[in-house]
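One chain, subunit A, links the two complexes that follow: it is found with subunit B in the first and with subunit C in the second.
Up next is the complex of A and B:
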């Protein structure tokens, strides 16, 4: 019986090897009657076919929400949701919002104090006062 | 909306209250003018008596209600003699020619003094008395309005929607308009607007007539004799309708859709290039189109329609979609994508549960606990919430 080595559990490194889009679904709500949905109706008619065809990994659902402002809701693989009200916006402005939702991670918004973040361990290891030769003061 | 009957002056006797009120105002003026004159003038005794009796009659008319007649217990006669004043001569009864159904044979309740039943006891309050009869809602009943008052639309009841049929009828309208213009007189205007569909033979005859652009591009009929043939048919239909007093309005067209499609295929499409230069022809054509198809062409579109083809294009253009989903279905680009789902109505929370197959389980569990499946079942919010809020 051969001895097999323990397999290391792989950690997710999205983008290394393959990239998985975090946004899995996008709900698009509009109103047939309200004037604030005018831009949204134009977006659905003219821009959405191209946008949906360019992003086949996202599921799009288009449904009316009568007498309410138009809305874009992104659903993410971490279970999060992000909703953007796009009332009175032009179709191209709505496209910007759709791209924002598509590119979002689904995480809660938080302040980024350190712009560079890595999950790789440091090559130098964790500093310890009990190891090493010490430093002459 | 409440409808008011159009009653001719001869039928004014039908409305006793109206006639009385008008006569009362007249008699009021008469009475005020005559009264001082009668006091100051040196009239003979017999003459003053006559004035007194006349004044009495006029003063009686000052009341806004009709003079009360001796009520009959049951008047089941169908004549309307009760509507006339007693003073009027019965030979002067006006001839009422109307198909309105007005109240006849009114039964009046006998007065207390006329009741011979010993068990009769007059009511002391009106609370428990049954309300019987009354003419307040008489004209709300459609059967009381005669056939002459029935609404007859100008065009057909339903608009023609088939493009081929619309094309056939538009061509026919232009041909008839050209013929009407050729023989234009006052009668032609009426015929242009009110003549309904002609017989099928005539319709087929009109479809065989060739509509072509003339030397200046304006629409003309190929042969001069065609004008007479079309005019004869239109005139005939117009005579028929005037004799029947528009009681029977036939269908807009005798042709069926398959025949219309065959005709459209058979015709040389050059007829659509014919121009509508004459405004009268264009107006007649628009009126005929409205009569035949039920489509009203707006003035702005009519001015813009310079050729027969543009008129046909306006008619056959599909109506604008009322819902966005309808328009998307027509366009077909978005529904064809595999990652896009379109919903024609709002996606409710129940729909979301059904999509994942959870709704049956939820329903079963709620029913098992005798809880309402949808809604709150008459239960409001919890009282404790109100307490916690400090209200």
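Up next is the complex of A and C:
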């Protein structure tokens, strides 16, 4: 047997082929006594139904957290969580935070210094010192 | 400060009702589930099976449990924890007998928020009902009844995935040797790959299966593999000797007898049931549990593909497979392992009536140094077939020969080739024959 094969596993890149929204669940906590939840209660009453209907990929749970500040927690496919305290915020500010959680990937925040990160091979190839005519010194 | 009730999860009216507490994956301490598992329930489960559908019709008339998660305490008095039930109504009202079922009732699928979210996340067509999606999440190890587990759908999905995968690989890389073809098939459509697909869909596993579990969680058990026939192939009569005497399995017999990835058909599908029945099966994270989890996730993906085919037809399933499986990335060059590449290249050149290949040193640097680099090219007459670099002349020649062979084997007509199943679409352009190679250089 001359050619045999090595086992490998293909890698998927989200968005190549199908796109899967990375936020899979959002917990919404409120308190119906404390003043810091005033905006959150308005958000749950007026904005959340539309937001939830527009984002059916996300499972929303709403639960009280008495005597605590209101909270938004996003759960992500990679197992990560992201929590945002939304105390004293207006409903529209909370909507911004909910959109932030929806659009996040769940990865840890890191500085992106290179604009493109790819697993594909470079089309042009890597420069080699052993090819070409060389450079006259 | 006013007194407030202890926190309970409540669900808005616009949502589905099925957001009852589910333990996080891996939480084995959850009492309700463990009671259900520990119960000598096999007799009850099988006895209850025929009455399942008629029972579901009358389920609303039965006494409802206060909290959906106290499955074990269904017969006992509901525990009064001081909750104001007028203010915080019970989350999901389940009949007490529901814990007797091995998997959730189909109609509960309509109330599961997790399931609806998964349906939307995968952009599944509306034709595919939530009940079918719920069924794809029940592994044969959780529910043995073929009308309620996913093994039939998984079989359909398995054949569809492998068909589309094989025709794509054969049209895209017509010269792949059969061993590499098998490895490529497994890299795309094998257990590990489909496990990764299921994880990338955000599918979570339930701690233990049962009738009261949220239908949006994947349900399987570690301690018994279950009977799920989801592979083609024959069980070889000489299977016992293959391991013992290291008998050779030729490629032709693999095509004839073995499964779609050239692997031997064994009873347990690579899962060691004997060791699994010992006490160590409960230890989480060993090779057996890993294999069982991989198989359950892979069968879920196959079952979703089968469900798309059953409900939405051929074209929908083709685009679904293309979007989720064929679009994955694989470095084909990493699959090759050569034993005697120089002989193989010489035979190739003789067969194709090229001139005998010759290795020539193209450039070198640092011959006397600690880190020399040689660049060797393989020439057939005046045609350069390939080149490679190495730190010794022998290595560089081997690399050059292997690169040459890979360049031959990985010939591709173009990136987006037409495959035979494209002809099934109405109004397709006439078929242009694809390139078919004459075969391998050295037959195995």
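Following the convention adopted for this analysis, the second predicted complex is superposed on the first by the 113 of 137 C-alpha atoms of A that agree within 3 Å, B and C clash if a C-alpha of one lies under 4 Å from a C-alpha of the other, contacts with A are read in each partner's own complex, and residues count from 1 in each chain.
Throughout what follows, contacts are C-beta pairs under 8 Å (C-beta built on N, C-alpha and C of every residue); 3 or more make two chains touch, one makes a residue touch a chain.
Please read all numbers here as calculations on a predicted model, not as lab measurements.
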Broader residue contact with subunit A after superposition on the shared chain, subunit B or subunit C: C
Partner chain in contact with A:30 - subunit B first, subunit C second, else both or neither: first
First, second, both or neither for A:115, with subunit B first and subunit C second: neither
First, second, both or neither for A:61, with subunit B first and subunit C second: both
Contacts of A:53 with subunit B and subunit C, given as first, second, both or neither: both
First, second, both or neither for A:130, with subunit B first and subunit C second: second
Subunit B versus subunit C as contact partner of A:21, first or second or both or neither: second
Touched partner set for A:41, first subunit B, second subunit C, both or neither: first
Contact residues of subunit A, present in both the subunit B and the subunit C interface: 44, 48-49, 52-53, 56-66
Residue ranges of subunit A in contact with subunit B within the complex: 30, 32, 41, 44-45, 48-49, 52-53, 55-66
Residues on subunit B engaged by subunit A in the complex (per definition of touch): 322-325, 327-328, 331, 333-334, 337-347
Sites on subunit C touched by subunit A in the complex: 1-2, 4-5, 7-12, 14-15, 19, 113-114, 116-117, 119-123, 177, 179-180, 182-184, 186-188, 190, 192-193, 196-197, 199-202, 216, 322-324, 326-331, 334-341, 343-344, 362-363, 365, 373, 375, 389, 405, 409, 440-442, 444
Residues on subunit A engaged by subunit C in the complex (per definition of touch): 1-14, 16-18, 20-21, 24-25, 33, 44, 48-49, 52-53, 56-67, 77, 119-120, 129-131
